Amino acid sequence: MKKLINAAETAVDDALAGMAAAHPSLRVRDRVVYRASGPRAGKVGLVSGGGSGHEPLHAGFVGYGMLDAACPGEVFTSPVPDQIIEATAAVDGGAGVLHIVKNYTGDVLNFEMAAELCEDVEVASVLVDDDVAVQDSLYTAGRRGTGATLFVEKIAGALAEEGAPLAGVAAVAAAVDERSRSFGVALTSCTTPAAGKPTFDLPEGEVELGIGIHGEPGRTRVALASARELAGVAMDAIHRDLPLEGDLLVLLNGMGGTPLMELYVAFGEVESYIRGKGARVARSLVGNYVTSLDMQGFSVTICRLDDTLTRLWDAPVETPGLRWGR
Amino acid sequence: MEHLDITLDTAFFVAWFEDVARTVRLHRDRLIELDAAIGDADHGANLDRGLSEVRAALAGWPPTSPIQVLVSAGTTLIRRVGGASGPLYGSLFRSMGKALEPPVTLAGFAAAFDAGVVAVERLGKAAPGDKTMVDALVPAARALALAVRDGVAAPEAFALAGRAAEDGARATVPLQARKGRASYLGGRSVGHEDPGAASSALIVGSLATVASGLRQVPGDT
Amino acid sequence: MKKLINAAETAVDDALAGMAAAHPSLRVRDRVVYRASGPRAGKVGLVSGGGSGHEPLHAGFVGYGMLDAACPGEVFTSPVPDQIIEATAAVDGGAGVLHIVKNYTGDVLNFEMAAELCEDVEVASVLVDDDVAVQDSLYTAGRRGTGATLFVEKIAGALAEEGAPLAGVAAVAAAVDERSRSFGVALTSCTTPAAGKPTFDLPEGEVELGIGIHGEPGRTRVALASARELAGVAMDAIHRDLPLEGDLLVLLNGMGGTPLMELYVAFGEVESYIRGKGARVARSLVGNYVTSLDMQGFSVTICRLDDTLTRLWDAPVETPGLRWGR
Amino acid sequence: MEHLDITLDTAFFVAWFEDVARTVRLHRDRLIELDAAIGDADHGANLDRGLSEVRAALAGWPPTSPIQVLVSAGTTLIRRVGGASGPLYGSLFRSMGKALEPPVTLAGFAAAFDAGVVAVERLGKAAPGDKTMVDALVPAARALALAVRDGVAAPEAFALAGRAAEDGARATVPLQARKGRASYLGGRSVGHEDPGAASSALIVGSLATVASGLRQVPGDT
């Protein structure tokens, strides 16, 4: 394993220290990343969190128009209730706090425990579960939360910034999740600092289809194919689940180790696929946003926009990871 | 067999967690590998980190009752581990502690352990056969209850529970996961032991180790 | 080799097509990337270019406040004069055009040939040569241009946007280059699509010091060390060449395959190094900006700011790769 | 030896570039590997791409004089290759073409080739010993001039030039690079053959191949 770290045990804290040094707009305390500006009275607070290793998610999305606080756990390990309780109390501006939770057993349990203990704050939760590679069923853990988390954080963040009440912010967050679907493909495994070797072996010439963002193996393994074919597999899976129509918001996301040049190649294929279905890429993002350490590969996330969602997507945002309009 | 029995006092519970911490550290990499196969390769690191915190907490603030040991250990796991296993194991021990009545008999221990396991099942909404820690914990609880019914002494009862947990863990191999991260794999989860079931077997196994007082501890770090 | 491409031969064009699809603010024609808004009368035009594989450099820096056009060559191969001539003519708003050229023999020769043939346009050139890993000498090719290119493009772009004349824009570009130094470290080699295998072998446990951005091997190979030690090596080399003092602009740049989390760890170390020298990180960027395909590693670029440079750095910019203030 | 001589007509020059294109394709991966060792692993791909364009251009628009062949080939290389070698090889052939006087004698060829090499030296500001293509081109030009002085026929003269270029290329191995990308390596550039010198040896070598008409072309792609 080759990692640019000091030690596996200190990697998360060292990275947070670096983030704080790099971004005067952030404040880091007790493993919670806040806006340095503090809570705004009357604004709904947005708190998210999850394992580290997905940067810029979540801490890179703390700032105007997006999150108020992020709770980073150990690498690929959800945060603990203390962090969430602390963050929730700190960002409450009197209008309540929305917890944005990716649907993983660990994240769900820790956020639930925290929410129960946040007695003085009105807390609502939205569960993000957009990954169509996972069969959705009442009898399983359900779909994973992946790329749609960025959409939920951006759009709910914009509505909160407008002064909407907690119920409204929670409702738009849920609507975004409902209208979003993702599918991921890995060319290589990631390597966690704690394990020190790749989570799975993926030989030359093979790719994993339907991977998550924690190095979980995918649903199937197939021969390496062209960007066009791989994008086609991802888009077919999404289209089967949520027919592509109208104006779409598209995230062509790198898993952390894939160069931007290749992501643009894949985006070109996704865009023609969408055009081929008679739908339209109205807004897009191409880059490493919801990553899995050093994994090479990509995921596509699609959200069916409506006028409100488009307006909220376009609203100003000022975070280390996403910025426009200010 | 009464001469072979032991006292389930505060020291016993402290020794239990010390042995669990040692054992999990020894099996850290195996647990990571089990989790790498059907999860995210952190289970061994998570538990190892959490249990050294448990140990530190118990050492720094000597608890005066078994209940304190269990609740403190459970709280530490909830506060320091994260992931799925943090809240689940945390609840196991906290609920167990809350259900315990002093002075602790084997019957009381078995009942409290069962309460802990029920809390895990409730929190995780997992049933036996879902390929989770529940598949090791439920047989262990059952073995303890049977041992109590049969009047077996604690060391022997713990040994039976440990074997039941181990068998339960091994029995997760052919299962398809329905809960937790492994469920994302669908049919590909078949053929691998569940890491949480494996760590549960270690935890239960430590009871027998401590009770028997026989095991040579191979170095402590 | 595992790459998310359709074929090695089409990778550059496919990526450009994807860029065009992703960014309505760009227009791509004949391997030149322009602002869709076209040239602005009276504004100095900024043209840069170089081999592909360094994305977002340069095409990702086309837009308000930065470049007017970028000329991407094949992977790691400088563009040809035709592209540069075409771009220069197209972006001239009557105030002349500045060529921003990284100091590589190929880039220099092709830009020189182009400039000679741009008869109807007043052309000035600035050479970026910031890499202290290369010995500077009249008798060699001189220092490479690396991370400082981003600084030059941003700051000269801001001045051009203010309406400054060509000589002024060229002068500030040269000043930024003069005040900037870089040093890079590779944890792994990159793999070019054409070669299909890593450019150099870098065994587990070893790193290359003083690498460039084209997979050129570095000056020395040493044992893998902590982020603190590697940052120290880079910063020592820079500090020896240009003493760190006053307000600094710092780019902690990933080589393309390094996760953001690790870049933040390294940035934390760079920031403490700088504080230790009594200087100050006044502005910073952390991310994959001047990359080398899928290489893992990082480079640090330092620019000694003054009030003018700080003002120009802070000025609004709106490009796919760098955006603030609008 | 006059009966062994050949006519340096348009067809000869076209055949030269065709053989160069074929040969460079055959040696594409070796040139990439040489460039990987002390550069950026693109020299073989660059030249291969450029020379197929040269071939396509010559095929599409049949040139009617050696000058046209050279100038067109040089222009295509400048317009299509990029990198350091594009302008350098482009200038070599363009300058050579411009210096050529019809009808082409071996002496005329040698003088024009020398003019091309001087153009490369000027453009790249490289001298022999800097570990560049110049280290193969200069000896080749010298060998041609000597052959002319000694009245050697063209096929033999080209063979001598080819050997001189090859020796020149091989002689770059122990040198430390002072120009081009390899110069960044400092002392670490020692021990590797310069890729541009290697491709120059192929280019000059093709002259003899075409002139002798002997070489079996091992497949064309």
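Per-chain numbering from 1; labels A, B, C and D assigned in written order.
By definition in this document, a residue touches a chain if its C-beta (ideal position, glycine included) is under 8 Å from a C-beta of that chain, and two chains touch if they have at least 3 such contacts.
Everything numeric here is computed off the predicted structure, so don't read it as measured data.
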Relative to chain D, chain with the most remote C-alpha centre: B
Cα-centroid distance, chain C relative to chain D, in whole angstrom: 33
Distance between chain centroids, defined by C-alpha means - chain B, chain D (Å): 75
Distance between chain centroids, defined by C-alpha means - chain B, chain C (Å): 54
Whole-Å gap between the CA centroids of chain A and chain C: 29
Sequence positions of chain A contacting 2 or more other chains: none
Sequence positions of chain D contacting 2 or more other chains: none
Graph class of chain-chain contacts, one of line, ring, star, complete, other: line
Chain D residues within the chain C interface of the complex: 32, 36-42, 44-46, 49, 78-88, 123-124, 178-181, 183-186, 188
Sites on chain C touched by chain A in the complex: 1-7, 11-12, 14-19, 21-22, 52-53, 55-56, 60, 187-188, 204-205, 207, 224, 226-228, 230, 252, 256-269, 271, 281, 284, 286, 288, 291, 293-294, 296-298, 318, 323-326
Touch list for chain A against partner chain B, complex: 51, 73-82, 104-106, 109-110, 113, 133-135, 139-141, 144, 192, 194-195, 199-200, 212, 214-217, 219
